[in-house]
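The following pair of complexes shares a single chain, chain A, combined with chain B in the former and chain C in the latter.
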Partner chain A sequence: MTTRSPILGRFRYGYVAPAALLVAGLLYAPFVWTAYLSLTRYDGLAPPEWAGLANFGKLFDDPALLTSLRNTLLWVVGTMVLPVGLGLLVAVLSHDIKGGAWYRVPFMLPYALSGAGLALVWSPILSHGGIANVLLGVDTAFLQSAPVNTLAMLLVWTWQQLGVNTLLFVVGLQSIPKEPIEAARLDGASGWRLFRHITWPLMRPLTAVVVGLALVASLKTFDIVWVLTQGGPGRNSETLAVTMYKETFVASDYGYGSAVAVMLTVVTGLASYLYLKRQVAS
Partner chain B sequence: MIRSGMATLGVAALFLAACGGTGGGTPQKKTELTLYNDKGAWTKYFDEMGALSKQQIGLGMKPTGYTDSAQYQAFIKASFRTNVKPDLFTWQTGGMLAEIVKQKQVADTTALWQEAIKAGDLSQDLAPYYTIDGKQYCVPMNVAYWGMFYNKKLFDQHGLKPPTTWDELVKAAATLKKAGVTPFYHTSVLFSFVWFEQLMAGSDPDLYDRLSTGKAKYTDPGVVQVMEKWKELIDAGYFVNPGDKTDPGDVMKNGKAAMISLGTWFNTSMTQRNMKAGTDYGFFVIPNVNPALPKTSVIFESGPLCSLAKAADPDASTKYLKWWTTAEAQEKWATTRGDVSANPKVEIKDEALGQITKDAGSGKYRLVNRYFEATPPPVLTAALDGFGKFVTEPGTYKDVLATIQKEADEYWSTHQ
Partner chain C sequence: MIRRAVLVVLGLVWLYPTYLLLVNAARPAASYDPATAWAPSGDFALFANFAAALDKADLGASLASTALYSVVSPLLGVVIGAMAGYTIVVLRLRHGFWWFLLIFGGTVFPSQMLLVPLFVGYSDAGLYDTRAGMLLVYTAVNVPLAAFVLRNFYSGVAFSIFEAARMDGASTFRIFWRVYLPISTSALAAVFILEFTFIWNDLLFGLTLTTTESVRPVMTALAGLMTDVYAGTPVPVGLAAGLMCSLPTVLLFLATQRLFARGLSLGSV
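On to the complex of A and B.
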């Protein structure tokens, strides 16, 4: 049986209020405001004018949106295969060997860089005539043609994200109970079979978190693309988040930019919901 | 329940009070003004101007420089609705200035202009760029004429002289190319419009003007021909790879390209790299593509320095703008950067830049407003992306023009 302090009970809304106000003021209010702006024509200066669903009409008629969606999808799939997939591989290969932590340190270091800083480091490497051209002895402009530019940026993203995914998977591997593994070994399971049928299912809760985080992060990819290519050339490397920024702050079309923001929110929310629902169900 | 509600309200009131700031509209007396600008690389020169103004009129100036113009413009627009307002700020002429004037955000400088023109500190020719509905706003932060900077050592090495006709320019490019030197610089990011505006202005400046006011279409035959001309030059291998991110100043210094078309402000990059005019590099006016045109077209730009209609200290801001236009201030501003000046009294040290300023002042050239200022922001954004695509894939020029026109149609349908 629990007892509730009458004083605590009386002031309970007061205690919650600061956090609730911050969330309402800094998260919900801007979200509602953005949703409203998406239904207006607004240049950031004159008062917004009601435009109904015109911005959404334009959105679905815009060929650049298809490119943005295609690139965003490439980022999502690429993130699952590279930073997440390779992270799992490095974790599995290094978690039960002597000095494994030291092998993982180099993968962790780039995680300390911000996205923009990361892009600045890679810009002279990937630009035409840059270090990558010299080292590989090729004349490829890695940041020019699609989808090569998105794939090149995915490699940069992998360089940064691999370490943290590895770390999370190692935590998962270390926290799974030893008994089922040992039992399986006694039954003769080893290698791929042991991983596929015993280790992997036991890691499912943690995998759900890693994949969920990576899914959301990849859907809102912005900083690396903005610094390395600004979504170009000719919008061919734009992601939804870059389109949102460009339409809003470069073209000063705040209404249309807000419509892209709403769409990005819906896509991210829907993808996260469907993924988590599937995880919970299984 | 009532008490908990009161507590909630109390916290909310504190929160709102904390967010609200002091507000108020009492004018302050300032001794130092803030100058927000999107020319982060020029902070050193703005600092020097701040020190000079403090000395000459007892009013200091502290610059805050941005390097990303989109971020800068978003900040300035947002500042109109907050208490964090700049005393002075740089902006763009053309549609961008008209936008903020329409919203009554910019201080009227008509009286200042009249006085400065009378005193010979500003030229009447410049006034139209700053005039909206018969009144002037802001003062010129800088002016620039666009032409071709060239690597003098490379020109000398291959026996070349600054061309005076378009054919001579193309011939010089062919000579350089044959000798293994890349003749021209261009880029797929931001300044992707440079060759478009130059070829348009040199082929049909009237069409260029009509294009920027929505009276001509990007799909018109004259515009298509310009893109085809540009494509010919790209196909001939006369340009550096547009994906090369080397700073144009370094491109010029290390001879990666022999010629770069930019505004006279590029001279500042040469100054910063200790390059000497006449020895290391030179500057020439780009000849017209169409030799039948009566005057050589020269791209012109002027960036404004503005103050707010509701400035914290309107007198101080006006005083500063007035000082900025004087010969004493402009002498320093032009000399330290090695650039030209909006004040006709200022003697330009650089010979080539001094000449173009003199010739432009005497009406020798047809001055054409730079594409960046002449084109409305949504069309400009589509065009910069489009030209970025074109320089990477020159075969796409018809699609590119159609895409820009689509944006132009949408814009001009509501802005004629």
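On to the complex of A and C.
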């Protein structure tokens, strides 16, 4: 390797500098600063005051945070069962039948809506006295009491996400080798057993990616909750990401908000680590 | 047969909200009533509702700003990221792998870890609620992915291309600009599309770093509209607004589907 040969030019650091400076200045520095602020009392006006672990102590006996953790967990589990699990089901049912792509069209359409737009269009359906109440003939206020409101939002999320998960699984199913499946068929395996023992193990790598992405995204659920309920009523539909935002920018408790952000980071990091470890181990 | 039946039933369940959304977005704004929302209206008012959304909620200004952010930031981001990838791989920057880790590591932080310092720092620096500030933060969040994809892409390009151009007397920057950037168009485009979509759909940075309607990105403006879907904005106008603001990402995706698939597979070389 001719690392120092003049052919490579002398301006190399100049080319990497813009990227490094942007990332350092707008991603790393704020990250470190937030970690520091989580150890202070800070309202955004007076300079931050050192508070040690006080904010983290508060985390553990804050009932709102407990609710927020519970809702976040509900989002994670719900995402695995509904958009991911149901997506797998639709993919398995439709990937090898004639015209399978046509059966999947209804699931792809909602993907056209995104983020705030998705929540916005569901609000007249879910609101009290809204379309869902009329159509189902019930008077439930879907966005009011917990955990019904979180479940209702999970269904909206499922409505939007199912298609893309299905598509990823279909790509995976179509790219697995045909021979083992044919061989198992000849041996008399079919239906559930064929899927459980042959197809499923073959599509493991892809499933790992889809589940991993969904896991991290669901831990950070914010947009849909913010737009549909703002974490309310009261604070009963907050997720960790919503709690962080409200503590910081609504309650102006920047120190505590930072502690929630740190916690969210730790939870996300830990979940990803454990998940990756399990994937690598098996 | 059972499989088809399950798919059809589930598909119909999925189509129903889509139908409700379209029917009510096309209904004249004044004639919305939850009790009859399932029935299509005789009058087609979708475009009137689009116009009302642009006009009433001042979405026009937000849309213009968002278009600026989601085109300019990814463009800057991919070029800056590509330049870093080029330096690391082709110019064999010393400790290149660590530089790469430093830049790519920027993607691991949840946005929540950035909000407070960005808000306070932006306020101090006069960047709060400015288009320049939004462009800056969006560009920064784009860089790691661009550097990642382009570094991978350039690893697969023969070094002899670089050597030949160097022998001909071209400067390293000229080679980057005239040779490496053009050959990586498909990878650049794939990153661009992902980042365009990310920025177009961003709510959180817009919520935290802006306040005026003309600077606010469109998803944040939509979220603001939400609080008065019932106390002002008629439901059909709200629905039309949601549809209209989602349209650009869909159109971009449909228009570039093929390029997108190609770019992704190239990027993973």
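Following the convention adopted for this analysis, the second predicted complex is superposed on the first by the 260 of 282 C-alpha atoms of A that agree within 3 Å, B and C clash if a C-alpha of one lies under 4 Å from a C-alpha of the other, contacts with A are read in each partner's own complex, and residues count from 1 in each chain.
The rule is short, and it goes like this: a residue touches a chain if its C-beta (ideal position, glycine included) is under 8 Å from a C-beta of that chain, and two chains touch if they have at least 3 such contacts.
All values reported here derive from a predicted model rather than from experimental measurement.
> Once the shared chain is lined up, is A:Thr199 touching chain B (first), chain C (second), both, or neither of them?
Neither partner.
> Once the structures are superposed on A, label A:Phe11 by its partner contacts, choosing first (chain B), second (chain C), both or neither.
Both chain B and chain C are touched by A:Phe11.
> Contacts for A:Pro124 in the overlay, against chain B (first) and chain C (second): which applies, first, second, both or neither?
both
> Just chain B (first), just chain C (second), both, or neither: which does A:Leu93 touch?
A:Leu93 sits against chain C, while chain B stays out of touch.
> Looking at chain A, does chain B or chain C touch a larger number of its residues?
C
> Have a look at where A:Gln279 lands relative to chain B and chain C in the superposition and call it first, second, both or neither.
A:Gln279: touches no partner chain.
> Under the stated touch criterion, which partner chain does A:Asp223 make contact with: chain B (first), chain C (second), both, or neither?
After superposing on A, A:Asp223 lies in contact with chain C but is clear of chain B.
> Under the contact definition given at the top, report the residues of chain A touching chain B in one complex and chain C in the other.
Comparing the two interfaces on chain A, one with chain B and one with chain C, the shared residues are 11-13, 18, 22, 25, 44, 123-124, 127, 129-130, 245, 248-249.
> Contact residues on chain B for chain A in the complex?
Of all residues in chain B, those touching chain A are 3-5, 7-8, 10-12, 15, 19, 70-71, 73-74, 77-78, 80, 99-100, 102-103, 105, 188-190, 192, 241-246, 256, 377-378, 381-382, 385-386, 388-393, 396, 400, 403.
> Residue numbers of chain A touching chain C in their complex, please.
1, 3, 7-9, 11-13, 15-16, 18-20, 22-31, 33-35, 37, 44, 90, 93-94, 97, 103, 105-107, 109-110, 112-125, 127, 129-131, 133-135, 159, 162, 220, 222-223, 226-228, 241, 244-245, 248-249, 254, 257-258, 260-262, 264-265, 268-269
> Within the complex, which stretch of chain C touches chain A?
Answer in residue numbers: 3-4, 6-8, 10-12, 14-15, 17-18, 20-21, 24-25, 32, 34-35, 37-38, 80-81, 83-84, 86-88, 91-94, 99, 102-103, 105-106, 108-121, 136-137, 139-141, 143-144, 147, 163, 166, 171-173, 176, 197, 200-204, 207-208, 219-220, 222-223, 225-226, 229-230, 235, 238-239, 241-243, 245-247, 249-250.
> For a test of understanding, state which residues of chain A touch chain B in their complex under the given definition.
10-14, 17-18, 21-22, 25, 43-46, 63, 123-124, 127-130, 141, 143-145, 229-236, 245-246, 248-253
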